[in-house]
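Chain nomenclature is as follows: A, B, C and D, assigned in order of appearance, with residue numbering initiated at 1 for each chain independently.
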Amino acid sequence: MIDQAYLDSIIKEYKRYTIEGQVADYIPELKKMNRGDLGISVYDGEKVFSSGNWDKKFTIQSVSKPLVLMLALIDQGEDKIFELVGKEPTGDPFNSMIRLETYTFKKPLNPMINAGAITISSLIKGKDNEEKINRILGFIRLLADNEDIHVNKDVFLSEKETGNRNRSLGYFLKDIRCIEGSVEEVLDLYFMQCSIEVNTLDLAKMSLIIANDGFNKQTGEQLIPKKYAKIAKTFMLTCGMYDESGQFAIDVGIPSKSGVGGGIMSSAPNQYGIGVYGPALNLKGNSVAGMRMLERISKDFDMSIFL
Amino acid sequence: MIDQAYLDSIIKEYKRYTIEGQVADYIPELKKMNRGDLGISVYDGEKVFSSGNWDKKFTIQSVSKPLVLMLALIDQGEDKIFELVGKEPTGDPFNSMIRLETYTFKKPLNPMINAGAITISSLIKGKDNEEKINRILGFIRLLADNEDIHVNKDVFLSEKETGNRNRSLGYFLKDIRCIEGSVEEVLDLYFMQCSIEVNTLDLAKMSLIIANDGFNKQTGEQLIPKKYAKIAKTFMLTCGMYDESGQFAIDVGIPSKSGVGGGIMSSAPNQYGIGVYGPALNLKGNSVAGMRMLERISKDFDMSIFL
Amino acid sequence: MIDQAYLDSIIKEYKRYTIEGQVADYIPELKKMNRGDLGISVYDGEKVFSSGNWDKKFTIQSVSKPLVLMLALIDQGEDKIFELVGKEPTGDPFNSMIRLETYTFKKPLNPMINAGAITISSLIKGKDNEEKINRILGFIRLLADNEDIHVNKDVFLSEKETGNRNRSLGYFLKDIRCIEGSVEEVLDLYFMQCSIEVNTLDLAKMSLIIANDGFNKQTGEQLIPKKYAKIAKTFMLTCGMYDESGQFAIDVGIPSKSGVGGGIMSSAPNQYGIGVYGPALNLKGNSVAGMRMLERISKDFDMSIFL
Amino acid sequence: MIDQAYLDSIIKEYKRYTIEGQVADYIPELKKMNRGDLGISVYDGEKVFSSGNWDKKFTIQSVSKPLVLMLALIDQGEDKIFELVGKEPTGDPFNSMIRLETYTFKKPLNPMINAGAITISSLIKGKDNEEKINRILGFIRLLADNEDIHVNKDVFLSEKETGNRNRSLGYFLKDIRCIEGSVEEVLDLYFMQCSIEVNTLDLAKMSLIIANDGFNKQTGEQLIPKKYAKIAKTFMLTCGMYDESGQFAIDVGIPSKSGVGGGIMSSAPNQYGIGVYGPALNLKGNSVAGMRMLERISKDFDMSIFL
């Protein structure tokens, strides 16, 4: 059983791996993070254990992708969503020599890459961005059972100012008719959702809801339709850890989503929700110490879905 | 509970979907298959139920990929294998606009695409191809508990004669030093492994061993090291159904591998081994009726690993 | 010798090919063009002959690319320009299997593709877009010896409104630091330069200056440094006709630049400046009747530089 | 006027640039070349001047591409040749973001890349490779007016042994039906044609025939149909110097073809045939000192076709 002593010992043991990574530096705000931080929360629906820098706030970044995807599924339904975004971790036909030979960029491959996530953001309902971000925040607060979750304005402005690659994606998506309306507005919403601040406890609570197929066992409420929670989990497994997803599926085997803010949200089906924070990233953009810690926990408690 | 009546009714119901697909036609031998065929076997380690054209022999084709991967892992160990072949279903960095921007073909992306599978075949131990194919056949017979499994020589010769795309891959792999020795010999072995004939019962028995992490509950033997069975299952989930793997993971959620001979081998962890045969394929190369049948069974018996 | 009778007969003969093409339809303004139009002007520095719809105004579109390139070379010098934009019609290493294997998009390949041309526009000197477009207009009026050349505001606004693919390129160029300052401002300038209206006589006069290495024989003035005129001619030959440039180099062999407004500007070195207008385009974006007419003239008067 | 003293001084001056390059090392035979070598021959149809290591034999390598192309054109006619190989130095549609977005490898882009040249070799007439290589040798001896031109067997065997990338291309071409018959035989012919030994005088004589549109002014014979010589010249200009062709067209402007044996064959239309030998190559595969020497000569004697 996971308990406080176990988590404390794990944090102590894995903290030294933080020196192997670097904090994200593409925006000034993220550079301010403390490279040596490491925190974790584990929640089984009854008890929660946390250790290390678990109560430090960090921006959610790409961890928002499966969350906003579920809200968009609720808003628009499966058909509409997957008409505009694909489901494939790989677009390779079985005999492709190299990948773009036959690839034609008609829609983003899946909702976990930026192009897909921007398209998904554009599908959130609301009369304006204020209503839309409030709906996203409301959904996240509900899942995390925490009203004190907000957008970090400085990070948002920093993302907005420097986000030219995403802006390029946005106008490309507009050109191929994946997004409608103002590209700048869609990007603003996307940058806002990435700038939401959470801590590991928030991630642990949200991931348990996902692990339990959208059901909150404490309150007896179905917060997310079962099918959509399953879809989120599937994408987390097949493409949740950038281009280390395959490696992570073998080594850890828990549906997880990472972000360059240092967070990882892991949903061990019907068992645990886990939130990790470790801003020292490897070259793929994943928390170095966080990944290793999850590998250890998965092995110690047989959490892989491939077991 | 899955029983004979259930399988019979499923076969009857789904047989009509066979008209939506086409049998593979890239070699004359495969064109001879009967488009209307549909068969299934389900095995839980105690009882086995089969229905439809379950006892018809067909060539294993790409279903051999995870099997030969496990034998290569036994032969060479993890480090050697993954030095030469990657683990990622997608090679996309999170912000890639289109896929080959930064991709450099130094090694195949994973063992389920042809380039990876050819590399894996080259790593099977044996003093010559005869010994190597006998070792592969021995491994498959052991897992399927069936000595009557052989290479179909006509299919092999047909594959060999027409396999210029694979030959092109082979020489490319030679050039980038992923394979050593004679390319033609490696391809011969690869074409032979693809031409092994099985039926759905064979697939069901093999997939149960994989589902049970390499363990044969009847005999108490660990036929495959646990870790390697897990690796096979992971690749089956993330890239086992060609470029429908993501869709299939959401709809079915059972680690599975398909082949253009019409076979699908599905391993529902700790539950069932399932073998399917339906040579009418969709454009992605997967059995049309087979996939739909698996979706139904997965839902009826809660087999998704994301549940 | 080219004379009035020759041009009249050519126009008459080739007019029927206009039905093989379509006018550009990506913006409403261009759709208004008359598909059956065909005009030509030929100038040898002493005499000018024109025939057909030679005095109809059309937007210059991509024909502006070599012109603005020469102005940018005058403004910034060769080193600065080619630090930001490449010179290669093809980026393929000699043994590439397919093209993006090793390609990394650090700068546009050449100034004749949109990405390169947008970068070039960003390098025109001026305190604001008004000054910049006036400098471009001034340069074009000087070369065409015609003060009555202006931007078509409706076309400009239409380009601006629908130019999301170019906008995507613009933000990509900003991200990789090929362009500085406001992307929207650079795009505005680019859209304005594309919307300049000319007729075939203007094109003929400009192309003779280029043909004569920047020298105006009538006035004795060197309007463009010789080296820069040569650079423009080289790009016109190697990549002036979109992805029909290779075919056109063989069939016609005159350095030329086409635009989707239907114009083609052809510089037969030390002989003739030719302007063509024929808005019915083929699928590559080149004037159908215009190309054929140039092929005929090139053969009749031995104008190919490969002769 | 080019004379002996001029060439001697040029060789002396440019010899020092040989230290900036490296001899080709992909096969042992080529590694034996002397990095410091530099030679040149210039022929105007009446007088020939040679200097430096002009009489050293080296393998023709890619310089054979335009020569074999002309023979194939004579054998098969234009329609057949360009049905199987393209004419474009660049396959980019004008608004491509990056190059393979829409590219589908149905045929090689042009005859100067390996894929195209292998396809071209497969179209040479002859009942077997012996007859075919003898026809190629005969054609080259005729153009060079030198019977003492042969295949270097050691280089041929070395190319054949290590040519896996070309072998991969060959089987790919077979798969897409660009080449018929035995891939190994086609590759043997291709490797033989690359292994033909020449010196700079041979190159100078051949290039003058091409410069003069296939006509031998001394004998009054039309050795190559005019149109085919023009086609060769056009490809030499647009893609003759690997991916430095654009740069070279601007700096030198003489249709030229280089090879990794260190040779460059340059055809200044209606003026000179130039042969250069300098085995120290830059990273693109072109002779460092050779290119610089040609740039100097082109400027000193106004040889650019864009003048």
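As a working rule, a contact is a pair of C-beta atoms (placed from the backbone, for glycine too) under 8 Å apart; a residue touches a chain by one contact, two chains touch by 3 or more.
Just so it is clear, the structure is predicted and the values come from calculations on it, not from any experiment.
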Mutual neighbours - chains that touch subunit A and subunit D alike: B, C
Maximum centroid distance from subunit D, chain identifier (CA atoms): A
Inter-centroid spacing, subunit C versus subunit B (mean Cα positions, whole Å): 55
Cα-centroid distance, subunit C relative to subunit D, in whole angstrom: 31
Centre-to-centre distance between subunit C and subunit A (centres being mean Cα positions), rounded to whole Å: 47
Shared-contact residues (touching 2 or more other chains) in subunit B: 97-98, 100-101, 103, 105, 165, 168-169, 172
In the complex with subunit A, residue positions of subunit C that touch it: 97-98, 100-101, 164-165, 167-172, 174-175, 183
Touching residues (chain side subunit A, partner subunit B) in the complex: 62, 86-100, 103, 105, 109-110, 112-115, 165-166, 168-169, 172, 213, 230-231, 233-235, 237-239, 242-247, 249-250, 253, 255, 269-270, 284-285, 304-307
